[in-house]
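Listed below are the structures to be examined.
You will see two complexes here that share chain A, one where it goes with chain B and one where it goes with chain C.
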Partner chain A sequence: MKARHVQLIASYSARYSVRGGIGLVFLLLSLTFGLLVAHTMLQPVEIAAAQFAKGRNADPARATQRALEAITEQAKPVVAWMLTPSTREPDAEAKRAGDAWSDFLLDDRPALLSAIFLILLFGWPLVVAFGAFDLYAGDIGSRQLRYQLLRVDRGSIYFGRLLGMVVTFVLVLLLLGVTVTAYIGLKLSVYEWPALLGWSAYGTLALVVVSLPYVALCAWLSAGFASSFASLTIASLVIGGVPLFAALGGRQFEVLGYASYLLPWGFQLRLFHPEAGQVALAAGGCLLQAALFAWLGHRKFTRRDL
Partner chain B sequence: MSEGKRPGGLTALAVLNFVFGGLEILGSLGMLMLMAFLDAAAKSGEDDGAAEAQRKMAEAWEQIGLGFFYVILIVGAVSAILLIASGVGYLQQKKFLGRTLGNSYAVLSIGSSLAMGMAVTADAGGGFNIGTLIRLVYPVLTLFLLNTTFKEDFVR
Partner chain C sequence: MTAVTTEPAIRIRDLSKSFDRTKALDAVGFDVPVGSIFGLLGPNGAGKTTLFSIAAGFLRADSGSLRVLGVDIARVADLQGRMTILPQDASFQRNVPILEQLAFLRQLDGSDRATAEREVTEALELVGIAEYRKRGIHALSHGMLKRMGIAQAFLGQPEVILLDEPTSGLDPQNARQIRDLVRDLQRSRQVTTLISSHNLAEIQELCDHVAILDRGLVKAAGPVAEITRQGRMLEVELPRELTAAEQARLGEVPGVAAVEVRAPRRYRWSLAADGDEVVIAVLRALLDLGLAPRNVSAGNSLEEYFLAVTGDAPR
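Here is the complex of A and B:
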């Protein structure tokens, strides 16, 4: 494997993925999904602020602030419940931890951004499947990789395309982060710019870190199938099925609930935890799983018939 | 780019054009129906919540001017025609039918979305919000791709 080849393939893969069609659909899907999530969170605040401003003749920024406070108060118990460790009967300590976590996200940090990031965290892994399912499967099926193998080794192709896909994800997430932050900062004017920019950069980085294991998983699955459709189906089923299986199975037998740790689902939320140690563990888990799936994919890709 | 070699992305863009063109036609029909509803609501004497909201909307449109409403309606219909025509142009890789009409759609759509966001109030169903940005995603993407990624693919 040569670094120069990996870099070259990554650059072409990122630049020309849109030409293939799948990249174009992914771009449209991911941008629309991200903005739709932001719209779902921001619209109630804007409607409530407009009503408040009309009713009390308040200035728009103050009205938005009041509407945001009212909505945050209502949402806090739900967020605290979401963040409380999911045992059958959470004790008082677990509930206190959940409350402290929700206070951190909704009071200490820009609440609107926190809410958007939390929802994105649950939906983004499924979007990842639509972007990364065809890293190799289509070309394996059509036997087109044989022409590249005359010039480069399998490892360079594998890691080059994987790196190109990661770069695409980083660019899309950056674009989303900048758009949503600029909108909140310029239109709503309820947060200080340094706090908004800082939390936005952190959230975008957290989403990038969460994307890595899912992209690597898609790469592994894509290397294992000679059909794009099969790769997409299996990737979507695995990514969506693991939390579903853990949630349903965990109700019957508590041990089955731990199945969510097979993917970052079980711990990815802790990337937004107030304690640095928890964040480091979650980030470490994501990187470890990314490395494991990437290694398994490389093993499969370098041994199979192309 | 050799003649006849159409990239998959251009085919996907054509399919999306047909889908969004169909939606644009439905949107224009919806606007026509909205006009009829608003007209009926303005004349009705009912005072329930829904009629009140429709009356407010009718008043807001009267303030903006009904001429602007018809402009939006016509722009929607023209956008639909441009989307479908340029979709056919993408498939045939034609310079005028594909690239020129595709660019025209993108510019028209960006302009009308921004005008809706700035000139139409929230009461009338407009206003600049994240929804406006969502509406901008496809035309901006079209404008970008037609002039960079697929620039050399319109060979006929």
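Here is the complex of A and C:
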């Protein structure tokens, strides 16, 4: 494997990945999903702020602040429930931990951004499946890779495309983060810019870290099929099916609930935990799974008929 | 640049490959000499494309060995830049300009961007589609796509080129141009070319060595001259048709087993023995009849030999 080849393939792949039909669909899907989530969070605040301002003749910034506080108070129990990690009836200790976590996200950090990131985390893995399912499968089927195979080793093709896809995801997430942050900062004016920018950068980085194992999983699956459709179907079923299986199975047998740890679903929320140790563990888990899936994909890609 | 090696350019030994229960290649073995233009012949489904695909590292053989320029094909990455291929059924990207696609491939070979673009433009000019270089492949016809594939196979300084059906779908002018290019590369740079084609006349004209594959087995392999000499035949075109008496007289020439009408004014003598003496005797008998022989061919044509070893029945 040569670094020059990996870099060339990554940049070519990133440059042209959104020019095809699938790339455009992914770009639109990810931006639509991200902005829809942001809109869902921001709209109630804007409506409530308008009502505050109308009824009390308050200035807009003050009205938005009041509306946000009111909505945050209402949202806290829901967020605390979301963050309580148990498939059984949570005990008092778990509830306290969940409350502390939600206080951190909604009081200590810009609450709107925290809410947007939390909801994005629940849907983003499925968006990843739509972006990365065709890393290799379509080109294996149409035998496009054959023009490259005598020019580079298979490892360079595999990791070059994987890297190009990660770069594409980083760019899309950056675009999303900048858009949402700019809107909150300019339109609502309720947070200090340093706090907003810092948390936005952290959240975007967390989403990038969460994306890595899912992209690597898609790479592994995509390397195993010669059909884009088969790859998309399997990737979606695996990414969506694991948490569903864990949630439903966990109700019957507690041990089945741990199936969510097969993918980052089981621990990805902890990237937004107040304790650095938990964040490090979650990030380590994501990177470890990314490495494992990438290795399995590489093994498949370098041994199969192309 | 020719590799300094005592080995043939391609050495194949006991190569086998199956797809499910179908044996595509069955203990295939032959050598492709350095600097030769080697034709690979076979009916549909004979295993030609499978063999090309294994030689290029696209497919893994079940058993046996294949070495290119002394390198085991399991380490195909070591042949980067030394071997190129025109795959039969590979496609190009739809949404990327032609120049971009080919320049990218050339960059992978090691060229910088500017050099890659210049080389690609030259290669596209060579195959006559340079004016389309900034457009996508949707602008190209089937024949132009084939020429684009050939242009990418000619990029760089390969020592071995694998061309799988390079002239299928091309008009006669373009097919001729491709044959000339292959010949020029052999003469100027001693490039070894392995070429598959259904056009037997083309292979006979272009290649100095051939192998005939049928149902995954090698039926024959060696220099074209040797293979075509194996038939004891003499075929001649005459200025007029022979009378029955003339035909009978020519059949009595010592060493002639039979005379057969192949087409109007075209006759074939089956010879009972090898050697130029019988051929000379037949030609002399024709001249005695006042007939000047035209388009004389001694031995089998490649097509006849091919049909003899693979059978006449369509697959």
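Keep this in mind: the second predicted complex is superposed on the first by the 305 of 306 C-alpha atoms of A that agree within 3 Å, B and C clash if a C-alpha of one lies under 4 Å from a C-alpha of the other, contacts with A are read in each partner's own complex, and residues count from 1 in each chain.
Heads up, the rule we're going with is that contacts are C-beta pairs under 8 Å (C-beta built on N, C-alpha and C of every residue); 3 or more make two chains touch, one makes a residue touch a chain.
Since we're looking at a predicted model, the values are computed, not measured.
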Problem set entry | Which superposed partner A:R251 touches (first chain B, second chain C, both, neither) | neither
Problem set entry | Touched partner set for A:L150, first chain B, second chain C, both or neither | second
Exercise. Given the touch rule stated above, what does A:T179 touch, chain B (first), chain C (second), both, or neither?
Worked result: first
Exercise. Which residues would you name on chain A as touching chain B in one complex and chain C in the other?
Worked result: 16, 19-20
Exercise. In their complex, what parts of chain C are in touch with chain A?
Worked result: 53, 56-60, 76-77, 79-81, 83-85, 87, 89-96, 100, 104-105, 107-109, 152
For this session: Using the touch definition up top, name the residues of chain A that touch chain B in the complex.
Result: 16, 18-25, 27-28, 31-32, 35-36, 38-39, 42-43, 46, 50, 179-180, 183, 187
For this session: Mind listing the chain A positions that touch chain C in their complex?
Result: 5, 8-9, 12, 16, 19-20, 142-144, 146-154, 303, 305-306
Seminar exercise, completed: Seen from chain B, its contact residues with chain A in the complex are 7-9, 11-13, 16, 122, 128-131, 133-134, 137-138, 141, 145, 149-150
